[in-house]
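The same subunit A turns up in both complexes below, where it pairs with subunit B and then with subunit C.
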Partner chain A sequence: MLTLILLAIPLFAAVLSMAAGAKNARNLALGAGILELIITLGAFFLNGKEGSETWLTFNREWIGPLGISYAFSLDGISLVMALLVALLLPIIIYASFNRTFKSPHYFYGLMLLMAASMMGAFTTTDGLLFYVFYEFALIPIYFMILYWSEHPNKAKITLKFFIYTLFGSLFMLVSLLYLYNISGSFNMQALYEAGRSLSGSEQGWVFAGFFIAFAVKIPVFPFHSWQPATYDSAPTAGTMLLAGIMLKMASYGMVRLVVPALPEGVAEYGTWALALSAISVLYASGMAIAQQRYKLLIAWSSIAHLGVLSAGILSGNAQGIQGGIMEMLSHGILSVALFFVYDIIESRMNHDDMSKMGGIREVNPLFAFLFFIIVMGSVALPLTSGFVGEFLLLLGFYQVSPWLTAVAGLTVVLGAVYMLRAFQSMMLGPANSATQSFAPLNSHEKTVLTILVILIIALGVYPDPILSVANPSVESLLQGLNR
Partner chain B sequence: MEKLVTLIPLFPLAGFLFITFLGKGLSKNFIGGIGSGAIFLSFVVSILVFTTQMHGAHPTVVKAFDWITAGTFDIDISFLVDPLSAIYLLFITGVGFLIHLYSIGYMHDDEGFNRFIAYLNLFVFFMLILILGDSYLTMFVGWEGVGLCSFMLIGFWYKDMKNNDAAKKAFIVNRIGDLGLILGMCLLFAYTGTLRYDELFISERAIGGLPTEVATAIGILLFIGAMGKSAQIPLHTWLPDAMAGPTPVSALIHAATMVTAGIYMVARSSNLYAMTESAGDLIMWAGILTSLLGATIALTQNDIKKVLAYSTVSQLGLMFVALGMGAYSTAVFHVITHAFFKALLFLGSGSVIHGMGGEQDIRRMGGLKKHMRTTHLTFLIGTIAIAGIFPFAGFFSKDQIIAVAFEENKLMFLLSLVVSACTAFYMFRLYFLTFHGKFRGTHEQEHHLHESPAVMTLPLVVLAVLSVVGGFIGLPHAVGESMHMHWHWLDHYLDGTVVMPALHMDLNTELMLMGLATIIAVGGIYLAWLKYSKRGELALEDKDITSATHKLMLNKYWFDELYNAIIRKPVDAISKALGSFIEPKIVDGLVEGTGAATDAAGGKLRLLQSGSLFFYILAFVVGLIALLLYI
Partner chain C sequence: MKEIVIISLLGIAVLALDVLKMRKLVLPVIMLGLLGLIGVSIADWGLNETPFAQYGGMLTFDNTALSFTIVFASIALLWFILAGDNYTAGTSQRTDIFALVLFSLCGAVVLSAYTNLVMLFLGVEILSIPVYVLAASQRKNVLSNEAGFKYFFLGSLASAVLLFGISLCYGAVGSFELKAIQEHLSGGFYSPLILTGSALMLIGFAFKISVAPFHLWAPDVYQGAPTPVTAYMSTIVKGAAFAGMFKLFGSALQPLPEAYSTAIVFMIAITLIASNITAVVQTDTKRMLAFSSISHAGFMLGFVLTASTTSPKYLIYYTLTYSIASLISFFVIQHVAAIQNEDASTDAFKGLIKRSPVMAVSMTVALLSMAGIPPLSGFLGKYYVITNVIEHEHMALVIIMVITSAIGAFYYLRVISAIFTPIENAGRIMVSDSTRRTLAVLSVLLVVVFFAASLLELL
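Moving on to the complex of A and B:
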């Protein structure tokens, strides 16, 4: 029941927003986001309680003859993913209050639509429905960039993004249909059994289809090249939605579909995917070091972290998967935080060229303090959320491939190289004529940054509520996989 | 009693939070009182905990809360109280308290006073977590946390980019070591299924079944972490640069406590290292090379803090030599005495710098003993202690290392004697050039010369006393017998916690070695006295240096330049190539090429893509609602 409510709230709020017009659109969206968060927290509370089944799952036959059902479930893994959506949605909406948008009722309506389809993808237990939600989410973000971006190249960039990811997803559809041919149902349990019944090399091919689709969206080298330009051109709220939540659908898909359905395909034929993930870390770190602009730097740093994520999940053991779940949540929070820092800087300086800044700490110590904690989260310092995920991912990855882990582990060093350089060149040193007038944070910016920073630390110090909710589901997901 | 251990890290954490969030507008003395008071409370509790351990209480794990669960991987934030952690607690909080006290005076006129005390509190918190953590991962929390504080304190004066560069270098070099440590933990977990000390070494002896090669690999990976934190070759280059931070930081973090974390970790893992000869050999060689490198560079440095920094590098190297030979408690012994006299020397140098108005070049000093009596006397005691003169603290701990080397490896024995000779020489060179002879600074400096306030000299005096008597916790057999005192107390205390080497040295050999060490130290002192006091020679100005060896040492064996050439520049060049060619021309170029090729065919698709916004949103919403209503 709650799953339907979680889907319905953003959907109807979106309709309402578009119908009601520009006035109060943002407050409506924020209200819907907060309601969504409350319901999700309620579901968290219900988890594991007796008789909570009826609240947390929903299953109705949809297109019976084709084995498609309208099935949702909030197990431990989906709960954390739902939390990712419901936690970040109101924060992203509130963060965007800083700017005014033309036709805000459409803008916020699209955001809510996106949230609805992401919520659907994270909670459904039907393979086809997952695919549908996965693809639907593209449409609102496409329009958000196209109509609200001020980038001169936005038309070309959005088209490339759209076609690239749409094209990638076709590989997933092929793999899904291959499994469906055997199972006769899109129910995920049936898909798992179908996948496991395949020979190793068949699993390898099906895996390849899934991986290409997900690798485009995560993104993993060499399928990443749509990402930096898209992040750069999107309005900040769009970038936050993309980096914070939407792209997690792909890594979630690996957890939900690939690992349990194709254990041998991943283990015996997936080494190339692990290698690509590890290369992704190095490549994106190198690119991040080369950037002069802050927004592009964090776009690349995002790819570097997601390489570790992809590798850890594909290692297919409890540590890798748990790390993946934690990292998806943490990376979402950190991405929103890092891009919000961009928004704050850009709104004051009108550019994000790091070499032209410096000394902001002297002028605005509070901002520098909060930004520093975010940077520490990004370099995965213990007691920040970033550490828990990244360490578990590396721990999981190591059990499968020690040498590639050593390569991917270089993120520990290289991440510090580019993040500290970014922080120091913008915040430290003497202030120059441009940064001297860097305005103090307004109360609204303070609120958003403070909430994000508290989340980063709270989840790092005490991640147990997340991990212990996910752990039983991860163990049942991996049951019978001999890992 | 052990339950109280949770309080020990909580006091400094509370101090940090209080000063950071509520400290605005409060007087500096009050803030200083809060900061030092927090550490003092930790010190008091540490004494209680230590006393129970001294009287043979069993090691206890005190759980704070659940932390990370993933399948069979399960780590809590828990604290292990055992003899090793208890003695570390004692000297960290004790020395930490003195340095906090000193900072009240030293940093009094700094606008960032509150921030400084807050950071110091946070540092002590993390250091205590490092020591108390009951697993490698909990230790790693403290390990990274002290690195963070080190970073913030090296770059404390952040308006000067040079300080920020030094801070960044420290962080990044440490991170290289941390990667080794992380991989070491991964390997350990892959084979044993746990990272907890008691499961690994005591209750289940999970390391029992490790194949030797694996034990060696784990040992080496963990040691890479130690190389970073404890500044061993090739990851030593950050420590001298770290002197950019305020002097109390150098004393607390970069001499007495944090940099000895690597020694702590290896000693904590003594059961593991006892299983592998090769890892021990590697540690021993890295240690002696670092020690020689530090000692020879220190001979030529003219910045008072740089001399002490290289001296620290060198002494840390000696501790690793002891670890590598399996003498874990000996290394811990030297950690403790070194904490006393090196903190003393750094604080003394801070007092000198304070009196000199910020001057750090010993070529601009001289004759300071007349103006700074307490600083001079205590500095002299520290110098004698580090040089290894009986019965000062450094004598006993260093002598024990030399004795172990004599038994285990004659080459190590000879090389550690060379280090001893250098140490005595450069320390007395520093002492004579600073405190004796004529004053060589400006008139203005001479006019301003003054002894530091009592809040700074009191810690000097306490540390000086400890530098005299601190060695008695490890009296050698020969001395202990004859003085009817408890000999090798520390070894007995740590027995069962760390692995003990089986050394059986007869009294005559012991006496002979002590004599030899003394002769070497006195020789070094004599040469320094001859050159810098009797003949009154001065250290050369940089431009007057012609000898190639001298230049080599002055320039620190060109390590920084080497790393720039083989690491930093290639990394920059590669990322530049990625950014300007490989990504746009190849990786993305392929994608763009495919796009262009299908452009003609994509004409229709594009038509679809540019329809009206309203139409698409409508279609989308209708579709979704239809989905929902179907049920």
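Moving on to the complex of A and C:
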């Protein structure tokens, strides 16, 4: 029941927002986001209680003879992912309040539609429905960039983004259908059994299909080339949705579909995927170091962190997956925070060239302080949320390949290089003529930043609620796999 | 039987109304007649009526035939509502054009109900001949004349090839009945005569449905014909040809020799590759949609390839959803081009979102549906094809389908991004209320049909 409500709220609010007109759109969207968060927290509370099954799952036939059903379930992993959506949605909506958009009711409507599709992808237990939600999320973000971006090349960039991701996910469709052809049902349990019954080399092919789809979206080198330009051209709210939530659909898909269904495929061909992930980490870190512009630096750093994420998940053991789930949540919060910092800077300076800034700490110490904590989270300092996730991921990865782990582990070192350098060149040093007039944070910006910083620290100091909710589900997911 | 009578009488009645100078009644009468046709088809549901039993029962209105009839009649109904804007009461030859469409619709119904190769040929001809005339109906337009001529010339060649194939089949089997042919082939042995015959029939149909390498007439004809006629060709004419082909290959030429399924696989592959790559370089949207239509024919041919195990309802679903999207897109092109000097290039669509929001949104939905993006119904259509093809283990074909789908998305999105590109001082495009409402309803349908796909299981 709750799963349906979680899906219905943003969907309904999106329609309402588009119909109601520009005036109250943002308040309506924020209201829907907060309601969504409350219900998700309710589901967290119900989790593991007796008789909560009926509340947390839903199953109704859709196209019966083809084995497709409207099936949703909030198990531990899905709950954490639902929390990611429900937590970030109101924050992203509230963070957009200090910008004005043309036709805001459509802008917020599309945001809510996107939230609905991502919520659907994270909670469904039907393979085809997962694909449908996964694809559908593309449409709102495509229009958000196409219509609200001010980038001169936006038409080309959005086209590349759309075709690239569509191309990848069509391979996932083929892999799904291949499994379905054996199982006769899209129920995920049936898909797992079908996948495990395949021979090693068949599993390898099916794995390749899934991996292309997810590697494009995460993105993993060499499928990443759509990402920096897309992040750069999207309006900040769109970038937050993309980096914060949407890309996690791919890593979630790896957890939910690839690892349990194709153990031999992962074992046999996973090394290639792990190597690509490790290259991805190195390459993206190098690119991040070379960037002059803050937004592009964040975009590249995102690729670096997600490389570790995909490597950890594909190592296929409990630590890797636990770490993956934690990192998805943490990276979501951190990237929203980092892009919000971009939004604050850009709204005051009208550019994000780091070499032309400096000394903002002198003018605005509070902003510099909050930004510093976010940077610490991003470089995975202990006691921040980034640490828990990345530590577990590397731990999982280490059991498979110590050497590649050493390479991927460089992300922490290199991350410190570019993040601290960015912080230094923007915040420290003497203030120049441009930064001297850096306006103080308004109350609304303070609220958003404070909430984000509290989350980063709280999850770093006390990650147990998340880990203990996810743990039983991770174990049952890995049951029957001899790894 | 009643279905055929109703349609033929309707066509004659329309011509009579014109003679009697009651032109205002033409459209209402057509609407009522088509609604009646749909009603009668629903009433006949499950009866398996075989009219003319004394002549050997050359038509059978089973549920498949009836559902094709209902789909064609509904699409025709929508076509008349949308075309009402182009052919207003004063237009010359309006009634002639409407009557021709009705006569051609009659051929479509025959093609979905035939059980005898003679009826198959009659159906193809009744379907095509009015459309040759329709394609050339803009008499003063050179392109329209060229389209009519080309279509007539190649269409009659295709009919001749088809007829030759039918006669060879008759020579081998000694009967035109689909059942008799099926019995003759049940051992799996194809005599050289019937082997040649079925090859010729395959080629004849390949012309009609415009799949490679017999598709070269289609882009010129689609581009040159008046846009409403193009919309008609890409929906009902194509759908009916597929209904006929599916029946022939699904219930008569079974089991299909290995060489023929290989041939069909190759046809699908080159159709998809050629049409999608050519579509990418088109600047004219009408021509681009012609290539997209060829690419969809390639997908639909996937149902014919797997006709032995596929239920026709999936073909019906594909026909319906593609037709809805196709109607929307061709009529939007018609309205956009009409006010800017018949310019249907991609650039003509710039700023459409401001100039006519309803047309812009419905065009976007239609194009996304054709591209096969969920949750639009076009996705499920492609999904059904791909599942069937995977079941028959043509993995290489599946990969080609997938890659060309992604290429397809490229040229559809190019139009969409033009639609949402703002331009300076754009005037609004005015269209009638009925067109606006119909377009809106159709685009909502494209979403609803996706979620209500389980209704298909009722067939």
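Definition applied: the second predicted complex is superposed on the first by the 483 of 483 C-alpha atoms of A that agree within 3 Å, B and C clash if a C-alpha of one lies under 4 Å from a C-alpha of the other, contacts with A are read in each partner's own complex, and residues count from 1 in each chain.
Just so we're on the same page, a residue touches a chain if its C-beta (ideal position, glycine included) is under 8 Å from a C-beta of that chain, and two chains touch if they have at least 3 such contacts.
Everything numeric here is computed off the predicted structure, so don't read it as measured data.
Touch criterion met: A:Asn181 reaches subunit C, while subunit B stays clear of it.
Legend: residue contacts after superposition of the two complexes on their common chain; A:Phe162 is shown touching both subunit B and subunit C.
Once chain A of one complex is fitted onto chain A of the other, the partner contacts of A:Gln322 are limited to subunit B, with no touch recorded for subunit C. Of the two partner chains placed around the shared chain by superposition, subunit B is the only one that A:Glu362 touches, whereas subunit C remains out of contact.
In the superposition on chain A, contact of A:Phe143 is made with both subunit B and subunit C.
Of the two partner chains placed around the shared chain by superposition, subunit C is the only one that A:Tyr131 touches, whereas subunit B remains out of contact.
Of the two partner chains placed around the shared chain by superposition, subunit C is the only one that A:Leu173 touches, whereas subunit B remains out of contact. The residues of subunit A shared by its contacts with subunit B and with subunit C are 62, 132, 136, 139, 143, 147, 159, 162-163.
By the touch criterion stated above, subunit A contacts subunit C in their complex at residues 61-66, 128, 131-132, 135-136, 138-139, 143, 146-147, 155, 158-159, 162-163, 166-167, 170-171, 173-174, 177-178, 180-181. Against subunit B, in their complex, subunit A makes its touches with residues 4, 7-8, 11, 14-15, 18, 60, 62, 70, 106, 109-110, 113, 116-117, 132, 136, 139-140, 143, 147, 159-160, 162-164, 221-222, 224-226, 283, 286-291, 317-319, 321-323, 359, 361-362, 376, 381-383, 387-388, 391-392, 394-396, 398-399, 402, 405-406, 409-410, 412-413, 416-417, 420-421, 424, 428-430, 462-464, 467-468, 471, 474-475, 478. Subunit B makes touch with subunit A in their complex at residues 65-73, 137, 140-141, 144-145, 148, 155, 158-161, 164, 168, 171-172, 175-176, 178-179, 182-183, 185-187, 189-190, 571-572, 574-576, 578-580, 583, 587-588, 590-591, 595, 602, 605-606, 609, 613, 616-617, 620-621, 623-625, 627-628, 630-631.
Residues of subunit C that touch subunit A in their complex: 353, 368, 373-375, 379, 383, 386-387, 390-391, 398-399, 402-403, 405-406, 409-410, 413-414, 416-417, 420-421, 451, 453-454, 456-457.
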